[in-house]
Amino acid sequence: MKHFIFFFTFLFVFSACQQNDMVDPTLEQPTKINYSTKNAPFNQKVAKKAEEIAESYDGVPKAISVNTDRKLLLAFQLDHMKRFQLKQKEKTIEKKLKKSFRDYDVTVSSDMKIYWETEKLINKLENLDKREMNKKVENIIQLSREET
Amino acid sequence: MVASFFWAFVIGGLICVIGQIMFDVFHLTPAHTLSTFVVIGAILDGFGLYEPFIDFAGAGATIPITSFGNSLVHGALQEAEKHGLIGVLTGMFEVTSSGISAAIIFGFIGALLFKPKG
Amino acid sequence: MLKGHRTWVFHNQPVIISTATVGGPFEANGRLADDFDLLHEDLWLGEDSYEKAHKVLFEEAFYKAIEKGNIEKEQVEFIISGDLVNQITPSSFAARTFGVPYLGIFGACSTSMEGLALSAFIVNYGGAKYLLTGAASHNTAIEKQFRYPTEYGGQKPPTAQWTVTGAGAALLSNEGKGPAVTSATIGRVVDLGMSDPFNMGGAMAPAAVDTIEAHFRDLNIDADYYDLIVTGDLGKIGRNVALELFEKNGVQMDEEKFQDCGLMIYREGQPVLSGASGAGCSAIVVYGHLLNRMKKGELKRILAVATGALLSPLTFQQNETIPCIAHAVSIEFRG
Amino acid sequence: MANEQRKLQTKIMQEYYQLEKKNETKRPVVQNCLRAFLVGGIICSIGQAIQFFYMYFFHFTQQTAGNPTVATMIFLSMLLTGFGVYDRIAQFGGAGSAVPVTGFGNAVISAAIEHRTEGFVLGVGGNMFKLAGSVILFGTFSAFVVALIKTILIKWGGF
């Protein structure tokens, strides 16, 4: 019995610390925030439009997006119960966006990490110049392409 | 995030319940049970069913041993796409290697550090 | 002298002049802790492998028995012993330490009484003056041998039994004082098709019943003759099955009188599931606890029936059933 | 394996089988399943936590975090096995601790620890995959067959 108590305390403490360590960005900002992207190095109109398109899909509560002059990156979240169709959803949205923005190289991801990174990037858009931003977006796109 | 933990717990738990039923009702040894699970994982991935399952359950689907079969097939198929049939052979351990190498390495370190406690 | 089919009656009354028991840490927490001559805190016994620890159990039991018998090592003429490890190496290695003529025997968990029966026979017919017999088992060495690595997380079903860590040795002589071995019934191999290695008790029960019935038949006695009939390691399940078999076969058997060594060693609450098992189990209980009780006068006549499951991991993996055996030895104390 | 499937040759054997079954302590299946669910669920949740940890603090995506997560779980499994805790968890949790990858790690590590007395080459090296080997064998072989069939179907079957 002693061992079980030890074990469960261990598990509890362990999982508890892990959870506390991670500040959930999506929980902190539950509603849409108007990022001030006016001073962004690239005009974010396309990204805003893409967000709207993605969010018009059923089961997509939230999408965020950035664009450079050539690239468009969109990350979205999906209702948990719809996650079985995650890959299809990703494909449909990507197709739609590619159609809507033919001039852009479109990347769509549903990966949580990509979402977090994109969000971080959007929060500091104002302080970046064009070269830096190109690099950052490129990095995220590379990350999303990584396999295994 | 909360939903991820919830579903990881539930799905992971349910897979283990299936294992327990194989232990207790069908009287299979752990080795038989785990081998069966790995084969099931491989077959499910063959039908393309395991990926959506992982999307949904997260660690609830990647931590049980079934994911081992899934990732073996996955590695093989990835390589096969690039190099044809021979890729089936060469790509097999591409994705799974971390599990096996971790087991080998930590197994050896464990043997260096520990004695069986009984 | 052979009586009936397979029972030896010893008219010259070989006497158990001394016994010794050694136990491990788990046994020290058990119910019979006071009956041990030596208890170990450490499962390793200060050795660097469990097999060596197993050998040490033997050596200590032998030394202690010689010491308590008040004789010199050189006076011991034969050692008859065995255990469960492959090729009974712990037993043979212990015999190497002593340099005494040695007969290694294997009867799985029935080794203890097989040894006692043979020893009594030899002593009875003047084959030896002082003879040592013993059996031992070491929990982790046996687990490693028969089941999984000890740290492996395999859930044991409630039918499983806990292998005893311990050794019991008895020194026999044709003269002296002490409990006498009066008769022994050699068992035959019984296999009723059980194949679950995690349910030894259920497999061994018919062998025990067969031997006990043969003993009664050969000597033309019944259960009333004995104060206690004790089986080796049938465990909870095996004991119940055996009782039911007696009833079915029309053999009268008092439930109080029919006990099991595997159920005596440990306390309630120790995680032993269905009971204890192992070659050391019956050796420890009979040579320690029960002979002590006889010396105190609580018991006059007992019948010790050690049961053994003659399987190996190999035969189990080849889907063989479990052949079982039981040997009965009658010990009487006449003050 | 299973007693039920084996043909019992004689009538005595069949009779005894019935008698023995009646006396046998039943495995507490429901209780075991609940425990397996609990322990398995907790282990998977820890896995999820580690996965988020790798995603949040390192450059891993949800997909790529799987590998370090598995490695970490096996590392934890080594500690628990080495300190003699894992077999106790397993007696409680049954399949709950055997089915997750930690159980695979435990099978490898426990065999390695157990056989170190036979030396590192013949003991540890030779016995490490004593239990887990079958998982690797059947995983690899079934994956080979599945991948082969699928590749052939895609390449020549036009699916």
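So that you can tell them apart, the chains are marked A, B, C and D in the order they are listed, and the count of residues begins at 1 in each.
Just so we're on the same page, contacts are C-beta pairs under 8 Å (C-beta built on N, C-alpha and C of every residue); 3 or more make two chains touch, one makes a residue touch a chain.
These numbers were taken from a predicted model, which means no experiment stands behind them.
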A-B or B-C - the one linked by more C-beta pairs in contact: A-B
Chain occupying the middle, per Cα centroid: D
Label of the chain whose CA centroid is most distant from the centroid of chain C: A
Centre-to-centre distance between chain C and chain B (centres being mean Cα positions), rounded to whole Å: 45
Approximate Å spacing (C-alpha centroids) for the pair chain A, chain B: 28
Whole-Å separation of chain centres (CA-atom averages), chain A against chain D: 35
Intercentroid distance (Cα basis), chain C paired with chain A, Å: 69
Multi-chain contact sites of chain D, meaning residues that touch two or more partners: 1, 3, 27, 32, 42, 45, 49-50, 52, 62, 67, 81-82, 84, 89, 93-95, 98, 103, 107, 109-111, 113-115, 131
Of all residues in chain A, the ones touching two or more other chains: 19, 22, 147-148
Residues within chain C bordering two or more other chains: 50, 149-151, 154-155, 157, 196
Category of the chain touch graph - line, ring, star, complete, other: other
Pairwise chain contacts under the document criterion: A-B, A-D, B-C, B-D, C-D
Chain B - residues contacting chain A, complex: 1, 3-5, 7, 51-53, 55-56, 75, 78, 94-95
Of chain D, residues touching chain A in the complex: 42, 45-46, 49-50, 52-53, 55-56, 59-65, 67, 85, 88-89, 92
Contacting residues of chain A [partner chain D, same complex]: 3-4, 6-7, 11, 14-15, 18-19, 21-22, 111-114, 116, 143-144, 146-148
Chain C to chain B touching residues, read off their complex: 43-44, 50, 139-140, 149-151, 154-155, 157, 196
Residue ranges of chain A in contact with chain B within the complex: 19, 22, 24, 26-27, 80, 83-87, 147-148
